[in-house]
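In what follows, subunit A forms one complex with subunit B and a second complex with subunit C.
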Partner chain A sequence: MENRITDIGPPYYAQFFPPVIKKNYGKWKSHEIIEPGVLKYTSETGDVVYVVRVGTPRLATTDYIREVCEIADKYCDGYVRWTTRNNIEFHVTDEETLRALKEDLKSRKHPGGSYKFPIGGTGAGVTNIVHTQGWVHCHTPAIDASGIVKAVMDDLIDYFESMTLPAQVRIALACCLNMCGAVHCSDIAILGIHRKPPLIEDDRLEYVCEIPLVLASCPTGAIKPATVEIDGKKKKTVRVQESRCMFCGNCYTMCPAMPIADGEGDGVAILVGGKISNRVSAPKFSKLVIPYIPNEPPRWETTVKWVRKILETYAKHARKYERVGEWAERIGWERFFELCEIPFSSKTMDDYRLAYDTYRTSMHFRFTSHVDIK
Partner chain B sequence: MPVVEYKGKKFEVDEDGFLLGGLDAWCMEWVEYVKQLEGIEELTDEHWKVIKVLQDYYKKNGVAPMVRVLSKVTGYPLKKIYELFPSGPGKGACKMAGLPKPTGCV
Partner chain C sequence: MSEIKKHDTPMMEELKKGPFPSFVDDIEQYGEKHKKQACFDLLGQLELSYKHKETHWKHGGIVGVFGYGGGVIGRYSDQQDKFPAIWAFHTIRVNQPASKFYHTSALRKLCEMWDHRGSGMTNFHGSTGDIILLGTVTEQLEPVFFDLTHQLKMDLGGSGSNLRTPACCVGKARCEWSCIDTQELCYDLTMTYQDELHRPAFPYKFKFKISGCPNDCVASIARADFSIIGTWIDDIRIDQEAVKAYVGGELKPNAGAHAGRDWGKFDIQKEVIDLCPTQCMYWDGEKLHINNKECNRCMHCINVMPEALRPGTDTGATILMGAKAPILEGAQLSTVIVPFIRLEPPYDELKEIIENVWMFWMEEGKNRERLGELMQRVGLANFVETVKLKHVPQMIKEPRSNPYVFWKEEEVEGGWKRDIKEYRERHPA
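Entry: the complex of A and B
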C-alpha cells in the first residue's frame, strides 16, 4: 500500500482543449455540415473551426492510436478527440490545413486494403456502430461484436460517406441481451441470442455458485433448488424447468456452472425503431422484428443482407426527418413487415408480463399479405 | 484448474485464486496463504470478525452478504473493511473466508 495513489479521478477535460475551443467555449453561434464528415462551427468572436470526423474500429492497437497522434501532431497541434460513437474528430482552423488533412487521411490504408480513417459519419447517414466485446473478451456472448460490425460497415460504407437518408440511422450491436451499449434505443439493432437452456454442472455448482442468487436471477422463475447424489455424496444444485426458460443466460452470469453458449443454437436477432432524442417524438425502445438469424462467421451474410434491406426500405419510403421508428409507427408495423418483406412470426409477439399493452386493441389496421420466408 | 501448495497443503483454485472446494476445503493454512497474497501483516480480531460474519452469513443464507449488511453486522464502515482487506470485501475478505468468487458484471 506504500506510495499508493487513489481517488484522483480523470484529468480535467479543459486541459486538452484545442486553443480555438478553449477561447470560444460557450460562445458558439452556428454550425454547418459542409460535406460528409466535415463540420464547420462559427463563434460569436468570428473564429471558425473545421472538424473532420473519421470512422474507427473502436478496438484499436497502440500503434493505431500513435498514428492518430501523429496526424494530430501534424495538423492539429497535437489535439484530437473521440466521439460518443467512437469516431475520431480532428480540429483545424483554416481551409488549407483542412484540405491537407483530408488528403492525408484518405491516403492511409491497412495492408489488407481497408481505409484506416474513412471520413464521414455526419448528418443523415449511417455513422459508427456502437458495439460490445463479443468473442474478443466477454464470457456471456451469443455472437461476436467486432466481426459483425466490420461486415455490416463494409456493406454500408456508402451511407457512412454520404448523407442521403431521411434522417440519421443509428445501428448498434450487443452480443448478449445484457445489451451493453445502445441496442435497446437504436434505429437498427443487432442482438445476440441463445435458443437452448443452460447446462447444469452438478458436480461443482454448490462450490462456485450462490444458489439463492441463481434462483433470483431468472426473470421467468424457471430455476428451482435441487439435491443430487454424486458418488454417494449429496450435492446442492439447481434444476431448470425448460418450458419456462427463454435462454436469457442471466443464470450463467451469476453462476459459472450453468454455461449456455451453443454454436448451433446461438445467433442474431434484429430490432428496429428505437431512438434517444426527443426531436418531434419522444424517445423509443427498439422492437424485435427478426427473431433469429444464424451466426455465420466471418461475414454474417444473412445479417448484413437484412440490415441493408431494412435500411433501404426505410430510405425509400420514409419522409424527410423521419427516424426508422417514427416511419414504422406512422405506416403501421404490419406495413413495415410487408415493405421490408420480413416474415412475421409469433416470436415477435410480446409475452412477458406487460405484454398486453403491445397487442392491438383497436380495429384500425391495414390489410397486408403475410410474407413468406425466402 | 491450478493447484496451489502452501505449508504442505494443496488447494484447488480458479484462475483468480478463489478456493474451488468451498468451505469444505477451507482451513487455517488457506487463511495464511491469502494473508500473504493480500499483503496483510497480521490478522487481528477485526479481520477475524469480518471472516466470521461472512462465513456465518453464507452458511445460513447460501449467499455472501451485501456490502451494507456486512458493514452493519460488523459495525465497520466500508473504508475500514478496505483498511483490513486492501483488495476489498469481495476479492479480499470473501476469498480469505473461502466463499465462492463474486459473479455478475463486477
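Entry: the complex of A and C
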C-alpha cells in the first residue's frame, strides 16, 4: 500500500475550459443554431463561441481519440468536450476557423468509407443513440448494442444531418431490460428481450449462487427452492415455474448457474413515446409497441425498418414542437398503431401490478381499422 | 512481438459500410497499427456472437484495486482458446471531469497509458458519465491505477452498491438557462463523498445527476436516485423588443431548431401561448404578458424565444428522488421531494438532506433495494417524515382516491385502547 494515492476524484473541470468558456462562465445570453450541427452562443460580454457537434460511435480506440486531439489542437487550442449523448463538440471563436474546421471534419473517413466525424445532432433531428455494451462486453445481453446502433444510424444519417422533424427525436438502445441508459424515457427505444425461461445448472447452482438472493431476484415470484439428487448426492437448487416467468433475466444476473440467452428466442422490442424534459408536458415513460423482432446480425434490417417507419409516420403527422409521446397521446394510441401500421398485439397490454391504470376506463376512443364493424 | 492473428469476420466487414462512423473500422485500423491481438480477438468473438446470436462473456468477475471496492468491471471470455488475448477483458471506470470538457494534453496522456496497459479500446463515455477503458488483464489493474493517480491525477469512478459517479449538464459553462452551477456542485459532491463512491456501503447503487434547468439535459429525473434540477422562483425576464422581433420574423423560433422544414411564419399565439401548459400567457399584439404565479417553469416559451425570454434571477433547484430502471418493481422517475432549495457552496443544507436520506436507506433498505423502491415500500409520506422534510402538495400529482388512510395512535383523540364492556354499556349486543 506504499505510495498509494486514493480519493482524489476527477480532475477539476475548470482547468479544461477553453478561455472563452472560462471568461463567460454564467454570462451567456442566448444561442442560435446556425446550421445543422453548428451552434453560436453569445455572451453578455459580447463574446461569441461557435460549437461544431459531431457524431461518434461511443466505442472508440485511443487512435480515434488522438485524431480528435489532433483536430482540437489544430483549431481549438487543444480544448474539446463530449455531450451527454456521446457526441463531440469543438469550440472556435471566429468564422474563418469555423469554416476550416468544418471542411476538415467532413474530409475525414475510415478506409471502409464511413465518416469519422459527421456534423449534426442539433435541433429538431435525430441525434446520437445512447446505448450499452451488448455482445462487446456484457454477460446478460439479449441483443448487440454497437452493431444495431450503427445500422440504425446509417439508415437515419439524413435526420442526424438535418432539422426537419417536429421536435428532436431521442433514440436509445439497451441490450437487456436492466435498461442501462435511457431506454425507459426515449422517443424511440430499442430493447433486448428474452423469450425462454432460464436453464438451471443443478449440479453447480449451490456452489455458485446464494439461493435466497435468487428467489428474491424474481419480480413475479416464479422461483422456488428445490432439492435434487445427482449421482446419489442431494443438491440444493431452484425450480422456475415457467408459466410465471417473463424472461427478465434478473435471476441470471444474481446466479451464474441460470443462463437465459438463446439465439432463437432472443430479440428486439421497440418502445416509443418517452421523454425526459419538462417542456409542455411532464416527463414520460416509453411504451412497448412492438413486442418482438428477431436478432438479424449484422444489419438488423427489420429493426431498422420499424424505427424508420415510426419516425417517418411521426414526422408526417405530428405538430411543430410535439414529441413522439405527445403526438401519440393526442391522437390516441389506437390511431398511433393504425398510422404506423404496427400490428396490435396482446403482448403490448400490461399485466404487471398497476396494469389497471393502463386500461381504457372511458368511452373516449376513436374507431380504427382494428375494430370489426359488421 | 509475435505475429497478429486475424479472424475471418464477414459480418463485421458489413459494419464498415454506411456513413455513420464504423467502430469496426476504427478497431481494425488500431489493431493493425499497434499490433494489438486483443482488437482482432474482440472482433473475432463479436463475429461469433453474431453467428450464435448470444454473448460470449462469462458471468460476472470480481476484480479491483486495493483500497477500493469498486471501479472495475471484471470480464472473461468463454472462448479463451479461440480468443486468448481477451480471455480476461476487464473494464475500468475513470471519473470524468464535470460536463466532459478536456484538454488534449490530458487526453493524450490517457491514450498513451491505455495503449501500453490495455486494449486501446474505450467508451467515451459510459452512460453514467465515466470514461470507460475497455479491456485489460488483472495484472494491469494496479499499474493502471498507479499511473492514473500519480501521472494523470485521475481517479476511478464508481461501481457496485455505492455512490456512482455523479454527472451534470454543460450548465453555466455554455448555456444561458442554467439556474445553478452544475459543475461546481457535481465536483463538490463527488469530492465530499469519495469514500461512499469508492467503498460500497449501501444496500444498492445510488446516483446523483445535476441539470441546470427543467430541460434536464443530463436526464437526471430518469437516471438518478437523487435528481437535482435547476429552477427559479421569480419572474421570467422578458425583452419585449426581442419578442416583437420574433413576431416580425427577424428572429428564428427555437433558435432555428426547425429550420430544415417550412413550418410557415412564426405564430406566437399558436406556437407559444396556446402550448403553455398552464395557459398563463397572453399576447396583446404589442406586448407579451406572463402570469408568473401560475407558470410551472416548463421552459417551452424560453426554448422557443431564447433571445426574448430568460429564466428569473432568483435561482435554486428542485430535488427529486427515486428514479430507477425496471428491475425489480418497475421503472420509476424521480418524484418531487424538495420544491426549492438555494444552492451555494458549501451546500450544507443539501448535504444534510443527502445524509438523512442515506441514513434511512442504509438502515431500512433491503439488499438490492433502490431508494425509489424503499420510498414505495414505506410510502412517500412516511419517507418524507423520516428524512425530516415537510409535506407539501407539490409532492403529489393528485390526492389519493382510495380511503385506506393510516393514522397514528397519538393523532387520534382518546388513543386506540378501548374497552368492549364500556362500548356494550352504550350498545347492548
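As a working rule, the second predicted complex is superposed on the first by the 370 of 374 C-alpha atoms of A that agree within 3 Å, B and C clash if a C-alpha of one lies under 4 Å from a C-alpha of the other, contacts with A are read in each partner's own complex, and residues count from 1 in each chain.
Convention: contacts are C-beta pairs under 8 Å (C-beta built on N, C-alpha and C of every residue); 3 or more make two chains touch, one makes a residue touch a chain.
For clarity, every value in this text was computed on a predicted model and none was experimentally measured.
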Partner chain in contact with A:R204 - subunit B first, subunit C second, else both or neither: first
First (subunit B), second (subunit C), both or neither touched by A:F117: second
Touched partner set for A:W300, first subunit B, second subunit C, both or neither: neither
First, second, both or neither for A:P256, with subunit B first and subunit C second: both
First (subunit B), second (subunit C), both or neither touched by A:M1: both
Most subunit A residues touched (candidates subunit B, subunit C): C
Contacts of A:L213 with subunit B and subunit C, given as first, second, both or neither: both
First, second, both or neither for A:C185, with subunit B first and subunit C second: second
Residues of subunit A that lie at the interface with subunit B and also at the interface with subunit C: 1, 178, 213, 253, 256
Of all residues in subunit A, those that touch subunit B in their complex: 1, 178, 204, 206-213, 253-256
Subunit B residues within the subunit A interface of the complex: 14, 20-22, 24, 39, 58, 61-64, 86, 100-101, 103-105
